[in-house]
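Each structure below is given as structure tokens.
Paired with chain B in one complex and with chain C in the other, chain A is shared by the two complexes that follow.
Entry: the complex of A and B
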């Protein structure tokens, strides 16, 4: 089943609990700079928008990888980076049009959301239910998909 | 249906896999002339820097991958294509028929006309065989000269440094990566390298290479003293591999195989993909884009069309990311800009940070960045979705570094 994180920006208070939980789960430190989910603060509108990988079907990162280091977790559709295989070339970081693959200079590998193996810490940490984990077809993912399609290198006809 | 693919690099391999998905019953023959299992050139620098072994460069790592997909991998060289007879002739003279042919033969490095570049100790850095030769000579403390500080040269530079050699870089142009970076960024890269102990000589040409008395090589320059070298790495440009099409009817453009927006060549049923193809450029016109993402996209789209689908390619966006001894730079699309288009720039030479954005009307069409690793991909997103920036254009001109904020605000994520 394809699952994904659904974000309701209107519920976000900007507390950054998701970033802390993510960085702790992924890197063992409470450091928002190491989080795979990022909360953007639009000061002038008084709004916060959490943002992370939608595990898109196009999987730009996976297709651009020259060494097959990004694979699909068949249980939930997550695109997962294998640290053992990643050479740190960063091509996925420029290929992902959503900007959700980042290079970690400390490890020499790239990092992205992997849905925590099916039990996302950000969802559990969010005190206002601004992040939910659901079946992809029930989510607002469709609008994100439509947006992604605009970026698609090929028109989808026949694809 | 019988599909033949000439070239087993990323474009050929992705095409073969896509063909298998689209046509479960077709016969697929993937012909590559290198002795190793299909691998990625891009990973060679990481073999040299010791991050991975040769196995780590393989395009597919699961044992039996190609066999399981019934893709016949043939180690041979395509010597000629007979379009009318629908046959390719292999190096040994054998003939292989095809219904659809994909030319995915990539490109090869070229040497400039400088005397002495045929001497022992002079190598390209293009194949695994080259990597072995370089590894043998690039020992800690060895004098190494890198000819050419283009994109490929700079990637190799990083791995040579990791091997602890004493490095001199010679570049004809006035800066590093002249086709990927403007004067500001290219020169910031140069001073970064100099800070790291690399001798970088720009606006300098190699005039000749000779054997030195000490048994190594001497590199003569058009100015300044000659430089000693145990190894010379030549990275002065590449050319598409089209020799086997010579004298045939396949139309060429800019040194590559001309293809339409379905990646079909001038001959029905013959397609081209990757470094060898001159295809639609997202920024307008047609171009050979010798980069990995283009090879992957070409391979996929060509295969969909070869199998009878109808996928129109919107064009490849030229983009590169480079790590030069820890300084990360990226370039996207039409960064020089267009007539009448606005440019936004912010530069902090002390901290080696730079951003340049090029606009056409209120759309982003190109960018350069130095020192940016977070969310850099949204630059591609903004360019390739051709989104109207609206009020964000003004904000980006005031603060070019806020591309991610612009993207998030404009995308449905913020809705």
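Entry: the complex of A and C
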């Protein structure tokens, strides 16, 4: 089954707990610079937007990799970089339309979200539930529910 | 582990940057940040030095938890001899700068001497260099931060800088990081300006580790749950910010109004959290855009606000028609109640200017309040104010003075003296609502008796954050005490002072203590740091820090006589509300305070106390 991270930017406070959890899980240190998820602060508008890999089905990064270092984790659909195989050529970072695969100078490999093997730390660390992890077919469900509630309210108001 | 074990010493006179190992013996005795920075300052400067001379030093210090995922663990402090007070200064700031410093490999940066021409410090992962800052001198905090990021082509650099007010010697200038978080009080920005140091720009990617990760992650998770489950930190602060207090404090008759002439403000509701959430007529949007967190903070009390685009302050100035740091309670009180101004947009604008030009809204608003009283009493006239009608409640006077003070121009330069010097200049010293040169924050010591003692004994001059007994006296945290009673307040203030010294030295935010006691905090410190960090030892560390600060002040020339309040609080009774008829009972609390502290009748720590604390 494919699973996805779903992000609700309106709930984000910009605290970076997701970045801390990610860097700790992946690198063993607290270091936002090494996080696979990034929170962007659009200061003048008062908006915080977390952003990370959406695990494309036909993943550009996977197809671009000349040494097949990026493979699919069949349990959840994550595209995972194998450090043993990656040669640090960075072609995947060019291929990815979203910028969510990045080179790590310290190791000479690329880093990207791997869904933590199916138990994403960022989701657990977020204090406001701005990141959720769910069945990839159901990512729109909560938004639909919210709009459905509004639609119903409008009908009631009109009645 | 937790500490990086490294400090950076920047000699501005010589233009050198040198790494040094952190004195770990001191770290074990003073923890970090406030405590450790104070220890270094006390060892390295003569307490009698002029705060603005090159012989004063300025220390930026993180705590051992700074940069970890403990909730709120992104704090740093600036320790120096304060320009506003001449006392020990320690101003604490959130945002993201503290974490960046830690991730760049430093527990602390010590600035000494004075640069010949303006400079800024650039630090990248353990490499530091001074850069020519002349191009940024004369620029605002906002332009400096943006300009430095642009110049070095790195939007992820974090910057702490001073505005024009700090360059020009406004006594209560701040050091502002991340656009609107500030080491705000006591004039630490003024000291930075006197050193010709415009900014500190840091990019850190080295990573932060702790001593016992498994224990640490479990202690941190428990701590976060406590914050989430608490009504204040889990609901009140994220939804309403510190501004949740405006109506509460007004109702208990402890909202100092019009330079403490009154203790309740009829405009309180108009400048409260509730007002910030109210949609406005022009565009249907409220003042408050969103709440915002500092680094690693799971509370997120910060306010991001906009000003009504049709308001006189911004209608013709699109650069201020943005979302930026909004009103927190202290700023709303000082800019509003202390001056009698109830125009929410005017206060928000004045607050923007305080952030943009880097000066403390508490001292600024309180000083404007004192000037307004002098104007209404005829001591000041339009001749002095440059034509400004400085009546209580005049929003346009307030916003005009904010802009002038930001540039230290016209009557703004006189406001920039702070209330003590300003009122002394016009021979009305009793009208300055200050202790040790620093203006009161937003609680009346008549209506909340513990806060009177808090202000009188605070080592950095009047300050609510040194012992926030409001928590107990008004909010009932950890237990309810009677705000109108003096009995037991000496012990209460001491307990808060010691515990807060620990919190300020750890790298976390004092707002966690609405929910956390040291029982919640100690396991986090203990797992992060090598050594014994039990509650008992932490309390001893807190008491040691308090006494070290006290010793600095005594050596700087302060005496027990400075532990007092303005006559207005001691002689003039509160006029309305629950505290009606009451003055501050400081004379009843202070002797007991000295005794419980193990100090002499004149407020000097006894040898026995000093040796018990290994000082």
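The rule is short, and it goes like this: the second predicted complex is superposed on the first by the 139 of 159 C-alpha atoms of A that agree within 3 Å, B and C clash if a C-alpha of one lies under 4 Å from a C-alpha of the other, contacts with A are read in each partner's own complex, and residues count from 1 in each chain.
Everything below uses one rule, namely that a residue touches a chain if its C-beta (ideal position, glycine included) is under 8 Å from a C-beta of that chain, and two chains touch if they have at least 3 such contacts.
The shown structure was predicted, so the numbers you read here are calculated from the model rather than taken from an experiment.
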Which of chain B and chain C A:43 touches, first, second, both or neither: second
First, second, both or neither for A:20, with chain B first and chain C second: second
Residues of chain A touched, compared between chain B and chain C (which is higher): B
First, second, both or neither for A:34, with chain B first and chain C second: second
Residues of chain A contacting chain B in one complex and chain C in the other: 47
Chain A residues touching chain C - in the complex, by the definition given at the top: 13-17, 20-21, 23-24, 27-34, 43-48, 125, 127-128
Touch list for chain B against partner chain A, complex: 10, 14, 40, 42-43, 46, 51-52, 56-61, 292-293, 296-297, 300-301, 304-305, 308-316, 319-321, 323, 326, 328, 330, 332, 373-381, 384-387, 404-405, 407-409, 411-415
Residues of chain C touching chain A in the complex: 67-69, 71, 96, 99, 103, 156, 179, 204-209, 213, 217, 224, 228, 238, 289-298, 300, 304-306, 322-324
Chain B-touching residues of chain A, taken from the complex the two chains share: 7, 9, 38, 40, 42, 47, 49, 51, 60, 63-64, 66-68, 85, 87-91, 93-103, 105, 108, 140, 143-144, 146-147, 150-159
